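These are the structures, in structure tokens.
One chain, chain A, links the two complexes that follow: it is found with chain B in the first and with chain C in the second.
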Partner chain A sequence: MSSWIPIILSLLTLLPSWGNAKTIALYPGEGRVISDAILQAAPYDTLVFKKGIYQENSILVDKPLVLLGEEGAIVDGQMGDEIFVIVSDDVSLENLTLKNVGVSYLKDRAAIRLNRVSNVTIRNNRLLNTFFGIYLQKSNECVVDGNTITGAAEEESRAGNAIHIWQGKRIRVTHNTLSHHRDGIYFEFVDESYIAFNQSRNNMRYGLHFMFSNDDIYENNVFQNNGSGVAVMFSNRISMENNEFLDNWGGASYGLLLKEISDGTIRGNRFQSNTVGIYAEGANRLVLSQNLLQNNGKAMDIKGNCMDNRILDNNFIGNTFEVLTNSKTNLNHFEGNYWSQYSGYDLNKDGVGDLPHRPVNLFALITDKVPAAHMLLHSFLVSSLEVAERMFPQFIPEQLIDSQPQISPYPYDYD
Partner chain B sequence: MNRFLQSYFLLGLVLLIQSCSVSPEPIKFGEDHCAHCKMKIMDPRFGGELVTTKGRIYKFDAVECLVPYLQEHASMEFGYTLAIAYDEPKKLVDVRELHFETDSSYRSPMGGNLAAFRQSQNAIGNELITWEELKEKKFYAPTNP
Partner chain C sequence: MGKIIQFLATDLFKNKTIFLYLLFLWVTGFGLISLQGQGEKILLALLNISILVVPMICLVFSIIYFYNMYEFLLLLHAQPLARSTLLISFYTSLSLVLTGVYLFGLGLPLYFSGAGGEGLLLLLTGSLWNLIFIGLALLMAIWASDRTKGMGFSLLIWVYFVLLFDGLVLLLMYNFNEYPIEKLVLYISFLNPLDLGRILVLMQTDAAALMGYTGAVFQQVFTENWGKGLVLVLLLLWALIPFSVSIRWFNKKDL
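Our next item is the complex of A and B:
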């Protein structure tokens, strides 16, 4: 079974409607089959990868082409350098399986790298054991859709990000499934972009990570069982709607970590079974509304340096602690939320509690300083201190109240 | 009986000495969190550690997190100030033995584009600065390059 298969590059059809754009079929073989085909192709040709394993890496795509995999077409990078490096506009790469990119400490190698391009589409590919998955740098108006990116990540520091975007505008990241990487999606200096319908699970650091990015929207994504769900840092005007932040358990795990961000909206999300649902530090002028925060250790940890945030009409159900803060003053506004720990009454039956609710729990402040004190939670002593503190606040912030606590939860539909 | 007592005494003594010693510990990548930005420490080419004179340890995912932490906690006393050298990943080195360089090709975790070098010839060749110069710098005012 020697290598009797030569390099076969055959002209299959001429597509009349595309002028002189051709469709070229590729078959696995010896040598640099893909690179040679790209070299010989004319701009706007289509290369169809026939079934088989192509052993090749460092493939430079420097002209507008359509690269299309048939079922079973696999490009194996053999633990070497990057597989596809796209440096031309108007490229589309679809339906391929790419695997095995080597780990390097000196270079962030990716299965697919886009460098200074626009209008490139990466769709429906499967990436396996590639150090970084798809890496966009200084690129605009690109689409990353429907890809499944799975890392190997047997050792944690050897994992890169599944989708890594560094400097870009108007990128669409949709319908991808990302797991076992460092961050599922990483944005650094990415503006006016859209992230939706992705599933990011079992990643080691964050499901989604924003750094220095503005005017982005992410919605309808699922972030489950990551180191932490989503981190939004040093970013402004981010809209976060209808996402699910689930099962981020661990000593310093958060559903959503907000740090130095302002003017965003957080609406209709579900935060469930996280150590801390929402952690906010230096967050300003955000509107958090209609979210469900359920079964978290701490539903919200909002630090004293957060200002002018409005927390309205949310459901807080079954959390151990509802709100935690480290300041005696409160510069945020809580109104019209449903708190399952509310113990007031509603005599006039208008659905709103007659007494304000203080969601900050004295014992939450203590356990924040002395974690071992968790042992005493729900003991008689702690519960009685709790009641006394709510009546005559000494340690909990006096103005942190919800004056319109709801008697029953809102019937929002979170899927 | 006497032997038992002796061994317990020895064990106690060992624990006592251990607990009093002020020494750095290696960063557990993928497990430890940055004391400043709360991010998990992942990239073995970047990072740092502060050990107070009382032995409390603070770990950082990047030098650009360690420096502001030092500046914000000027009253604390540190026995060790360590950083990871880009040319010797994972290893913590005293900052005074390191040279620091800023270049956009160093993708450090908090956007400082800052790397530390043990051997100055391993750097790209931009301006190298010492720890004394670096620790006065201000970080977290990134501009899109």
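Our next item is the complex of A and C:
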């Protein structure tokens, strides 16, 4: 045992910054306390924010530091400019409360801005009433974890995004709680990133909004009661699993809006009580499997320009309309789903209906052509036309069928 | 008049059809609760049932009852009573019983499904439908002395309001799709009490969001208090006009 001690000691001395790294305590006071401390600190020092309110903004973090808040440490931006601007690699910012960043129409002010850095960690902070929350700009390999970001947005034009990432790679956004901003999470040109266990609620526009972002993984997030749901656009090879898309209800709301998106998987998600569960336009080669679509107005609206998507083993339960489309041909594959509107039978008791199911509603096709016909929603005429059409299809796409409709729903575990 | 109403109402309550109607409403209402379990869905299902069943029961039952009681009516006529008094008491007793059964039959399931203001609105609309279609039935019964003819035309009325009217509207909308017809559609819906009531109830529910631009135009009218009031007044007019015409016809009719 004692023979190990010299080896460990010699290893420790090999670490270059070990001996120099100090821990500096900060107390609230007059003037620019934080900026001065950063100026005097050496790289890899730790600044500990003692309890109190620090009234300061435009703090430039230009060297690798650990900024650590004790309980009750609050940095108040006084409705001014950005609070922390991080331009150095290897910074970590933890346990702080940041509040009051002013709205600007010229500049996307954020409580924490990361500019061209890598390996920065933003963890367990609370952001209150900040115009933009955390803004990552051309940054790679960063971690945004466990933050609570609450905005005070009242109108969309005066609101910023909670987590905004513009150009980045391999970023982890996990366990954050985002609300009352314009978009909960906004991604543009962000690749190979991991977004998991976030809760995005009550935002004005989208819970999650991403564009031109490829090879990303979205898991176990909750998007609830946002103005327009979740929008994913112009992206390839996205994996979305076990997320929840809930209560996005209104004239322009979607659970999940897919636009120009290819080669993704959407599995094990729960879409509940949305005006439109999944809206797909120009979506290609996606695999949608084992999802639950329940109590939506329209479970799936899949436009004619979607190709080679596979919709397998999902549960469609209690939706007003199951599938909508605006085309007479069908280039997608539906198989083995459970449809609560299925009215066939199963004579050989193998759990699969003997007759194929046609999930498209005639009324949806009619209203697509004649919007005013919405007036007849839930009328007896519409329901009788629907029954007649399903027996002898004239207008609904003949190939859009599920040849293996399940008799009972899959017992997936969503929670 | 009070005595005649009392007598007719007791006679109606002894009728087995009325009891079966109540039973039917309960079975479907509570059946739906046990199947679907959620407030809004049940409201919509009960709305559909009301649209289908209320006009039919009111038309068919009222007209048969009128024909069956025709001799009794003649008998009463020998007494010093005004003709309008007779018809008004007839209408009132039918309305009281059928509306009462409707309210009791759907009110209980609605109460247990926890529907709020929308449920009350549905019951109100449904009650007005009762009044409207009983009035129309009496109109048919007085117009046609021949039972088959009266029955046939009342069924035609049912098919017209439930199916044909909407079909014609759909046809119209297909042909004039290029024009901004949303407002026009709104006025057209005034011509059918069933459509009017259905849209009124739909607009109070989440389903309104499914109706797109048309829904938005409708929502402007049907969710405001003055709009709701207007719709209810229109429905009342739908009840009053056929009935007052039927009184006029009855006064002139050679019994």
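By our rule, the second predicted complex is superposed on the first by the 386 of 415 C-alpha atoms of A that agree within 3 Å, B and C clash if a C-alpha of one lies under 4 Å from a C-alpha of the other, contacts with A are read in each partner's own complex, and residues count from 1 in each chain.
Please note the rule applied: a residue touches a chain if its C-beta (ideal position, glycine included) is under 8 Å from a C-beta of that chain, and two chains touch if they have at least 3 such contacts.
Everything quoted here is computed from the prediction, not taken from an experiment.
Novice: For A:Met233, select first, second, both or neither according to whether it touches chain B, chain C, the two together, or no partner.
Specialist: After superposing on A, A:Met233 lies in contact with chain B but is clear of chain C.
Novice: So, does A:Ser139 touch the first partner chain B, the second partner chain C, both, or neither?
Specialist: Once the two structures are laid over each other on A, A:Ser139 reaches no partner at all.
Novice: Looking at A:Val370, would you say it contacts chain B, chain C, both, or neither? Reply first, second, both or neither.
Specialist: Only chain C is touched by A:Val370; chain B is not.
Novice: In the overlaid three-chain picture, which partner chain does A:Ser262 touch, first (chain B) or second (chain C), both, or neither?
Specialist: Neither partner.
Novice: Who does A:Lys298 touch here: chain B (first), chain C (second), both, or neither?
Specialist: In the superposition, A:Lys298 touches chain C alone.
Novice: Considering only touches as defined above, state whether A:Ser379 meets chain B (first), chain C (second), both or neither.
Specialist: It touches chain C, and chain B stays clear.
Novice: Which partner does A:Asn125 contact after superposing on A: first (chain B), second (chain C), both, neither?
Specialist: Neither chain B nor chain C is touched by A:Asn125.
Novice: Enumerate the residues of chain A that count as touching chain B in its complex and touching chain C in the other.
Specialist: Residues 251 of chain A touch both chain B and chain C.
Novice: State the interface residues of chain B toward chain A in the complex, per the touch definition above.
Specialist: 29-31, 33, 37-40, 42-45, 89-90, 107, 110-111, 140, 142, 144-145
Novice: Under the stated contact criterion, what part of chain A meets chain C in this complex?
Specialist: Against chain C, the touching part of chain A is residues 249-251, 253, 275, 295, 297-298, 318, 320-321, 366-367, 369-384.
Novice: Where on chain C does chain A make contact in their complex?
Specialist: 36, 38, 41, 44, 47-48, 51-52, 162-163, 166-167, 169-170, 173-174, 177, 181-182, 185, 189, 194-195, 198-199, 202, 206-207, 209-216, 218
Novice: Chain B touches which residues of chain A in the complex?
Specialist: Its residues touching chain B are 105, 108, 155-157, 159, 166-167, 182, 188-189, 204-205, 211-212, 227-228, 231, 233-234, 251-252, 254, 257, 259-260, 279, 281.
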